[in-house]
Each structure stands twice: as C-alpha cells, then as structure tokens.
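I am attaching a structure below and will ask some questions about it afterwards.
For reference, chains read A, B, C and D in written order, and residue numbers begin at 1 within each chain.
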Amino acid sequence: MGLASFIARRILTFIPTLIGVLLITYLIAYAIPADPVRAWVGEKLMNPETLEQIKTKYKFNAPWYEQFMFLIQQLLTGQLEDPVRHRNVFTELTSRFAVTVELAIVGFMFLVIIGLPLGIIAAIKKDSPVDFAVRVLALLGSSLPSFVLYYFLILVLFVHTRTTYLAGIPMPSGKCISDLAALPQSVPVLGNVASAIGSVPMFGAMMCGEWSVVADTFKRLYLPGLALGLLNGGFIARIVRNSLLDSLSAEFILYAKARGLRKLSVWKHALRNAMVPVVTVLGLNFGGLLSGAIIAETVFNIPGLGRYMYDAIMRLNFPVIIACTFLIAVIYIVVNLVVDILYAVIDPRIRY
Amino acid sequence: METIFRLLRSIIWSYAKLREKISPGWIQKNSSRIKEWELMAYAYSRSLIGVIGGVIVLAVFILAVIGPLLAWEPYWEYKIVYDESLRYRGPCLPPSCTGYPLLGTDEWGRDIIAMSLYGFRISFVISIVVVLLGAPLGIILGLIAGYKGGVVDEIIMRITDIFLAFPGLVLAIAFASVLPQRIRGFLEVNNIARAFFSGLFGLRQEEYGQLAALLSIWIAMVIVWWPGYARIVRGSVLSVREMPFVEAAKLSGLSTWSILFKHILPNVLSPVLVMMTFDIATATLFAASLSFLGLGPQEPVPELGFMISKAGGYFPERSSHVVIYLGFILLMMALGWNLLGDALRDILDPRTRRAIEYRLEKEKKK
Amino acid sequence: MESQPMYLPEDVILKVENLDVKFYTYAGVVHAVSNVSFYVKEGETVALVGETGCGKSVTTRAVTRLIESPGRIEGGSALFRRRSGKVVDLLKIGDEELREIRGNEIAYVFQDPTSSLDPLYTIGYHIHETIVAHKSKISKKQTFKQAVSLLKQVLIPSPEIRVKNYPHELSGGMRQRSVIAIGLSNNPRLFIADEPTTNLDVTVQAQILDLLKSLQENYKMGLILITHNLGIVAEVANRVYVMYAGKIVEEGYLEQIFYNPSHPYTKLLLRAVPDPTKKIEKLESIHGTVPSLINPPPGCRFQPRCPFAMEKCLIKEPPLIEVENQHRSACWLLERT
Amino acid sequence: MSSNEILKVLDLKKHFRVRGSLTKKVKAVDGVTFSIEVGETLGVVGESGCGKTTLGRLVLRLIEPTSGRIIFDNKDVTKAKGRDLREYWRNAQMVFQDPHTSLDPRMTIASILLEPIRYYNLKVGDEEEFLVKQMELVGLGREHLYRYPHELSGGQKQRVAILRAIITKPKFVVLDEPTSSLDVSVQAQILELLKDLQRKFNLAYMFISHDISVVKYMSRRMAVMYLGKIVELGASDDVFEKPYHPYSKFLLAAVPIPDPKIARSKTKVLIKGEPPSPINPPAGCRFHPRCPYAIEICRKQEPPLLEIENKHYAACWLYHKK
C-alpha cells in the first residue's frame, strides 16, 4: 500500500537531481571554448550556409538557457537528433544501450558466480587459506588496472586459444527482429514490453528461439564479462563473507540452535539476514555496469553506451551528451529505487 | 615483524622525549596516548598484509620523490630518430644477453625503466593530491549536513546526489576535455605556477600544454571524488551526534564548531581514514584510466596509463613487455595502498582491540 | 557402547554437577564457571542470582551446550530426565539427541527478546519452525493453529492477527510473551528464563512474572530463573543460588537466603538494594569491583572486597559449608573449629 | 515564586513531528509544571516513553521546548541565547545514563574535565593540582587523570561524569538514570556519592529513573509521569504509601520488593496492557483506556493536577470536588 507512494515520493525527490545533472552537463559542454558546429560538420563539408543552418536549428545564437531549454524540450519529446550522424538520438542510443545491457548481464553473471560462493566458503572457513585467498583476490582485483587485465585475457583466450572474437555483436535474424517489432500491434501493452525487452539482441534471439545467436553472444561477451567478474568478484566475496559472519554471530542464531532447529533451518536464517548488504553492493555494481564500462568497451571493441558517450564528448556532440547523461542518471535513480524495493522484499522492517 | 615494532616504538618514544623537553611532564600526562600509539604500532607490525603494504608504499614514495632525478634517459629524447631498431625492442635479460636496455623500449625507443621512474612521480602526485583535496571537501560538507540537519542537509545531499548520479569516469572525461585549454592559457602567462607544477610532476617547464592536461585530470577527479566522503561522513555524524558526550560537550560550554571538530570529527575519522587509504589506490588507477583513454597528457610525457594505451596498439606481438612491466608498476602502486588500507581497517576495528591490547602486554612482559 | 544407567532422584529433572566452563580468549583463559552444582525439581522455581559477569548465563547455556567458541565446557555433568523417563547426561549425548531435547524438552528465554527473534520472520513462523523441528508429520495449518492458541495462552490480545506479525511490529512486552510462547510450543519439562524482564517496564515485568508463575503451575515444569534483581527473586523463587565470580557462594530456600544470609556477599548485596517499604538511612555499598576471571584473586574470590576477610581466606578457597538444612554457604567464617 | 526555589517549570511542552507525516505529532512532554527547591531532590519516575528523559533535556534546553517557561534562579531562561544560555548551563548540569557513551572515547579524563574549566574561563590556578583535588571528591585519584575512559570501570566512569557535571559549581543537576547501567553493588556506591555531594555543595537534583525503589531512596519529593504528563506529585513517602492516581497505584504495586514476606503478601493488582504510543494520545485523561475506575468525564476532559492533601497532587477526576 505504501509502496506506490514511496516510489512516487522518491521519484519526486529525484527530479531536482535529474535537472541538476543535465544542467551541469550542459554548462560544462557550454563552457568549452571551441566551436561545436565545426566539430560536428567536419572541415570538408564546411560552408557558411550549412553552418548557419545548424546554428539556427540548435539556437546557438540565443542565450544559454534558451539553448538548454530547447535541448531539454527535444529530449523529452524524443525528437533530439544526433547532428553528426543525422539520426534520432534515441534510435542510436537504444541500440547502443542494448549492447551495454548484454555486457552488463554477462558481467554480472560472472560477478555473482565468483562472488557469492567464494564469500560463503570464506565465511564458513574463516581464517583458513581459502579465506586468505579470497582476501588476496579482492585486493588484487581492486589493485589491477582493468585495461591490463583485459589485455591479458585477450592474450590468453583470444590470441592463443581463439575461443572468442573481438568484432561485431551477434544479432537475431531479420525475421525475428521484424516479428518482435510487430508485437505491439497484435498484443497491446504486453507486446510493447516484450518488444522493448526483445530489442536487446540476446533477449530477442531467446524469444525467437534462435539459440545459436544466444550462444554466439555469450562467446563474444564472456571475455569482458569474465574480466569484470574477476575485478569485482573478490570484493563482492568479502562483503558476502563479512555480512554472513555478522549474521552468524547474531543472537537469534544461537536462539535458533536453542530451539533445536535442524542445521539447514539455522543456515536459512543466517543466509537471509546476510543478504541485505549484499543486495546493495550487487545492485550498485549492476548499475555501474549498465552505465557503461568505457574501458572494457574500448579494449574489446564493443559498441556500447560508454563508448558512444566517449565519442560524443570528443566531438562536442551536445545533444548526444545530454541524452546519454540523462539515461545514465535515470539508470542511477532506477537502480537505487530497485535496491530499496529489494530491501523491503527481504526485510519486513523496511516498509514504505 | 619484531624489528618493525621496535623501529616504530623508538620513533614514538623519541617524539615523546622531544615533547618532554619542550614541556616537562608531557610524557606523564600523555602516557595513555603513548600507550595507544604503541598499541597501533604493535597491531600494525603483526599484520603481514599491512607490513607488506607499508613497504610497498614507502618504496613507491621514495621512487616518486627521487625518480625523475634518477632517470638516466630524458623522456623528451626520441631514440628512434637515431636508431629505428630501438622501437619496441624486447627485454634483454642478463644471462642470454647483456646490455641496454634491460626490460626493453617503448615506441620511441626510450628505456621503459627510466620512463617508469618519471611515471611514478606523476601517478603518485595525482593520486595523493586528489584524495587530500577531495576528502576534506567531502568531510566538511558531510559534517555540516549531518550535524545541522534540516534544509541544509537536504541541499547538500541533493547536490551530492547529482554528482553521484554521474558515473565518475564520464564526468571526469567531460572535465578533462573541457579544462585543458583554459589551464594552458593560465600556465602560459603565469611563470611561478608553471615552475611549481612542472617541479611537482617532475616535467620540463616547456611541457605546459601537457601540464594543463594533467591539472585538468586533477581538477576533474577532485570534483568527482568528494561526494563519497560527504555521504559516509554524514552517515557517521548522524549516529555520533546522538551520543550523550555531544550533549555533555554542549553543557561544558563548547560552541557548535568546537563540538564538530573536537568531538564529532575525531569519532567519525576511522572509517574515513581507511577509505582514504583505499581511495589513493583507486585514484591511481582512475588517473591511469583517463590517460589510457587519451584524456591525459600526450607525448612525450611518460604517464603510465598513456604508455600502456600506446603499447596496446601493438599488443601482443611487439609490446607485451611494455604492458606487463608498466601494468605491474601500476598494480604495485595500487596494491601497496590497498594492503595498507585493509590492515588499517583491522587495526582500527574496535572489536579486535582488546585482543591486541592483551597480546602487547604479554609481549612486553617477555 | 551402552553407558551405565544414570541415577537421578524421582522428582529431580536436572542435576548439574561440578560444571566447569572456560573461555579461551586472546586475553587469556577466562574461568567463567568453576565447579558449579545445582539441581531443579519438577514444578520448582530455582533462581540463579548474581551481578554482570558472574557466570549465571554461561551456566545455564552450558547445560545444553550452547557455548560458542572460544568457550569450552571443561568438565562436569548435567543429568536430565527425558520425557520418556530415560536419564541422560546432556554434556555427553550425541548432537542429534541433544537437538531433540533443545527447544522440545528444555526451552529457553534469552535476555533480549528483540535480538533472539529473527527480524525477517513472523512470530507464527518461529513457532511453526520450533514445532516442525521436533515433530515430523504436522501441516503448516496445524502449527499455525497451535501458534494462535499458544499466543492466547501467554495473554497476547488478538492472537489471530499477532501470529502474522513480524517481531518489530510488537512492543517489548509482547515480544517477550511471544518468546515465552515459542518456548512453550513443545510442552517443555524445563524452562530456562535468562533475565526475562530486564529490558521491560515494571508494570510489564509484573505481568510477565505473573504469567511465568501461572504457566509453571499449569505445565508442571521446572523453571530456572536468572536475574540480578533480588526483588524478582523474592517474588517468584522457591530456592536460590547466589553466584559470585563464576562460583556459587550460597544456596538455600528463599527465606533462608533472605532472612538468614550467611555469606558476606549475600549480606552486603541485600543491603545494597533500596527497599522502598523500609526507611533506609544509608545503603551498604560493596567497595571495589568484580575481579577479573582471567587471574582471579587467590583463596576466596570475594576476599578483596570482603570486610570480614581473614588470613585463611587469602590462602584457601572455602568449600560450601552447611549452615542449616539445604542451606549452604562458601565462607570460612562458618567453619566450626 | 518563593525565593527558595531554584527551578520552576511552567506548562512545558514538547511536540515532535513524526517523520514523513505532516499531521502526526509525538507529544513527548505535554504541559508539565513543577518546581525544585535549593538543595532538594525531585524524583521523576515513569515507564519508557512517558517523556521523563525528554523532560530532563528540555529543562536544560538541550532540546528546544515547543511552549512553556523555564525559570532558573529567578531568571527566565526559556529563550536564553549565547552568553545567557552558557551562564545557565554553567549553573545547571546533567549526568547521563550510560557513562560509556557520555565520555568522549578519544579524550583523556583530564581533557574531558578541563573542557568546562576552559570554556567557562574558570579560575582554578594550577590545573593539574585542581583536578587532582576534584578527583578526590568523587573517590578517584591522580592515577586516573591521564587515562582514557575505556581504561576505567563503569562505576569509575560514572564518577568522572558526575565530577564533570559539578566541576563548574552548579546549583542544579539533572540525573538521568545515573545508575541504571551499573551493577547493584556499584549502584549503591554511586547513590551514596550523589547524596554526599548534595550535602557538600547544597545541590538541587532532578533524579530521573524508572526504578521506583531508587527514586524513593534518593528523593524527598517525587513525580509520576504517564504519557508526557505528571499524574501525581508529592512527598516520596506519601506517594509511595498512599498513591492517589490509579496509574501510580498500579505502578507502585508492580515494584518487586526484595523481601519475600512482603512480596508475597501484597495484593496483586496487575494493570492490563502496555502504555500506548505518545503519537496522538487518547483524548481526555490519557490513562482512561486502561483505568478500571474510569468514569464519563475521564473520556472527555483532561483532569488538572489537584492538591488533594498537603502538597500531594494528583491529576484524576475521582478526587475532584470532594
């Protein structure tokens, strides 16, 4: 009952945050003492007429706040255009984000596979060699420059064994794509949702049953995913370990034993109570992955969100920068919200 | 271990004796404090992780200070101009081959060991300064937000939220691409600043364009660095401010600022210190990542991340020795701080305190 | 290997002898409980009284081996008459048999009901779990029905609603009642209440004590009550064991302890508590503090704080000396020379 | 106002806003009036949530009152600021419940004790000698002066906290459950120390506690609080022997007596239920939902605090117009 109003309240408090993010982005971009229009058009195509045309279109001659309002208005109505590629920003952003989502999911999978079991084992075998190894893994993971690890995994798994490849992103067949795009017409609301989920190639392929594409996607992305998992898995394992140790030493565990509960039931209490801090860290990590792993995308040549934004900054592409920041801020907000809701699911003390 | 404890203890005691000379009775009045320091020194000396971390950090510090003086090859000389074969020459290890360069060269034929000596200074200075500027900013804002509460808290936390909603790297990219031209202009006309910053980074004064790039990374990082501190400090302040000793201090006549700095700050500092130690490692890698993306200084400045990114283009056929060696150096720089932070967290943990206290007593008796 | 059948007098449920518990901490070996012996009869309330750290909680926890590392039970025996009539030594039986006894034949109430209850599960689920752990064939519906009737028994208003409540939704008093209900879920023979009212208000405390007394009468169970509050002891106990620094210093029937205390510690303790019904000019205070159990003082452990200490007290630990019938006290002053 | 009164509190109220709600209010203290004479102890008893701790902090202006007046030593300090407030605090101090949290763990005992001396610019001559002398007052010595709080026992810490409160030579001290986190044998030491200091310095105490036995032992007069209000006030012996308010009757009957004969012979009167939350308390007399003697008027109108016998007040309609 209170959940809806809680979400509404949270979204309300996030509106100023969102506006602040956009405003700061814009002001930074505005402060650049260079001529963005030149950067957009390129020296070759430069002629005074086109320049003037673009300048009027993007209100470059108006005061900064009018420019800003214009961009925001375009953004919110979904009409924003990428002045370099001359396409709707959202079309491009959607396809880029879909790739980032794929990478985030694969990376997250590795993170969980590495982090959770290691953390639990380390807690059970506290102060043993395994525990120490987890500690070292966590320290190494946070000390290793990510790009160096990426190069090494490429060296081992690409150059030497060729179990992956470093170009392109597997897409479902054309028929599948058009089928998914047609869904909203046949099924009203659910179809829209399905179509949106299907726009992530991996999910689209799953929906069409094109499993070879899914396998290919995994083959393409497991390397960066593994790298992300290795870099943060140790850290996650440490969090799991510490919070499990905390909950194991809680009084209610001793009381559960005093009640003569079987071992399995006692562990159930311990594990569920240990989940709260773990969910936060995992949630924020997933949010971080969704916001684009720029370096991983650069090294592994993945056309994701991070890379898109990086290129946009390099070319002073305001509309794209604004759109990307908007998306990233929204991801931050949504991830925080989801983490809060998950809290409430795990812990009945938290009710909104 | 024992020697390290003895060394730290003699440092503590010579400091204490110095204070005793200045103001007699100091040792007696501060006997508990000295005991506290000894306890820390003991706990630290018993932590293998901490000692290794400390040794690495000390080594990095020394290399960072003397590195640029030690470097036997100037970074601005491109050797390949005289000898094209020096480009990405592999390592030359003693048994099989003797001579120069030991671990190989980079794309301009420069000895990578010599270059890394410059790199130490650059990475070290950036990481330390970012944390030393960013943390206090966040701490002060967090203190005010947590203690004042109400509207002030709301405003500060909303601003913090804005910066947290930005992914750090993206914001830093944005800053790093905006600022250099302005800073460059400033350095061009201001000789003193130019001399100061070039000295700080161990670079030539002519490199002011590159210095501007470094400084903009710096500023960008400071700006994205404080929100984490503001949040953690605010959280701790909220719990400490409810402690009766804060009310007692009010009744003892202390003003709000005195309470903030004499009672609240010292009691929220432990987690912040641990976080700062870890953050120096993160900042080192973060700065390297920015340079890796090409947002930092360009040729000929031997910044580690930038050199790795250059070598990456020839990886792995010709340049793996560069990536391995420079990657290892970055790893060590970060690892040292991370190990130290991990040990510090254990040392400052009140839960383990009693045990340490007792073991020290026992040790002393022996 | 079948062990010898152990002997326990007919009406005794639990008989603990020479219990020794040590904690192997970094700071050294804490001799938390040394050489403690006591017994509990059917339908009897036994109080263990003492100040913080005197070992009263450790004693009762040790009885069902609820001592966690670094603590270790070093010796002694705890004979317990099971529902079947079989007498077992709780300190020696296998883990599975012990599990069957815990929460089933011996129930606990820990000091703080808030931290004993898992915040993530409802009160009903706690009861359900406790029943299921000891009865295999029982449906969830049945256990919840049982839970409702248990909550009714401990006088929780509208138990049908409360059974679905989470611990944080209840007040402190209700939480303590729920914990008592959980304890009753398998009709225990022995009920151990560790400071059951310490965090509660006086009026609620009176309600809980009243409830415990009436339940004990209905269920005919043995009750061990651990407390530092002599007022509570005076209200509910039949027999009293006074503990100091890990040892029992005096034991006897309630009236013997209150009207004829023979150990200096008991005497002083009784005079340190303000009795609101009497006019007191000055409270007796025991100077000094409780000794460390890592290096306990030589001889009698109370000797450094005792106004009557003699030379002998410094040298030799006094044994429990009989004062009158069932009333014994560990003090050299009572030694008949 | 009689000249002998050191503190007078008139219709003091504190309403807290409930987080996330605009209308709900916690009426922690809701219209409390009392006075304390020079050198006397007023005991305040009540159960958790009755507002006794809030009252202690309100009186000392550690929490800002919503309304009402506080008059200290014939000066209105309700709105005192800056210099005046400091002057008030120099003369009115507090000892907190838990000595583990009321002493800053990062300061030595000496620096804790020097704070009030330095911030109130007290002239003490040689600081160390002064502190040693003061420490003797509470039974501690020079050897404790340069230690950290964690190096002292609970009782010793509470002695330091008491010393900090009286080091500025105040006239009035609020004692907020000063012994409830201590053991019985140590409690007796601290209570005797407090009585001793009161005699020596002619201190007025406001002794707040949930332990009625201790309050009765310590104070000449006592006040019983229920849901933010004083329901009974009078000489401790009178209140204890002949409570008027039904709540006081239940409360006092519930006190365990450390004497088996009395404990078992006393008639059992158990109150039903637990104190309701101070958020939106019941209308009329706050105790009426639980009161077996409640009459019509109790549901509608709040009873005033009436003098029933010589200086023995109770807020109950049962005694109205008799």
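Throughout what follows, a residue touches a chain if its C-beta (ideal position, glycine included) is under 8 Å from a C-beta of that chain, and two chains touch if they have at least 3 such contacts.
These figures come from a predicted structure and were not determined experimentally.
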item	value
Any chain that touches subunit B and subunit A	C
Between B-D and C-D, the pair joined by more C-beta contacts	C-D
Whole-Å gap separating subunit C and subunit D, where each centre is the average of the chain's CA atoms	33
Length of the line joining the C-alpha centres of subunit B and subunit C, rounded to whole Å	55
Rounded Å distance between subunit B and subunit D, as computed from the means of their C-alpha atoms	51
Contacting chain pairs - touch in the sense defined above	A-B, A-C, B-C, B-D, C-D
Parts of subunit A lying in touch with subunit B, wherever the complex brings them together	13-14, 16-18, 20-21, 24-25, 28-29, 31-34, 135, 139-140, 142-148, 151, 154-155, 159, 288, 291-292, 294-295, 298-299, 306, 309-310, 313-314, 321, 324-325, 328-329, 332-333
In the complex, subunit B residues that touch subunit C	354-359
Residues of subunit C defined as touching subunit B within the complex	25-28
Sites on subunit D touched by subunit C in the complex	47-48, 153, 155, 183-189, 191-192, 210, 212-214, 216-217, 240, 250-251, 253-260, 262-264, 268, 270-271, 273-275
Residues of subunit C touching subunit A in the complex	64, 66, 68, 99-104, 107-108, 110, 112, 115-121, 129-130, 133-134, 166, 168, 182
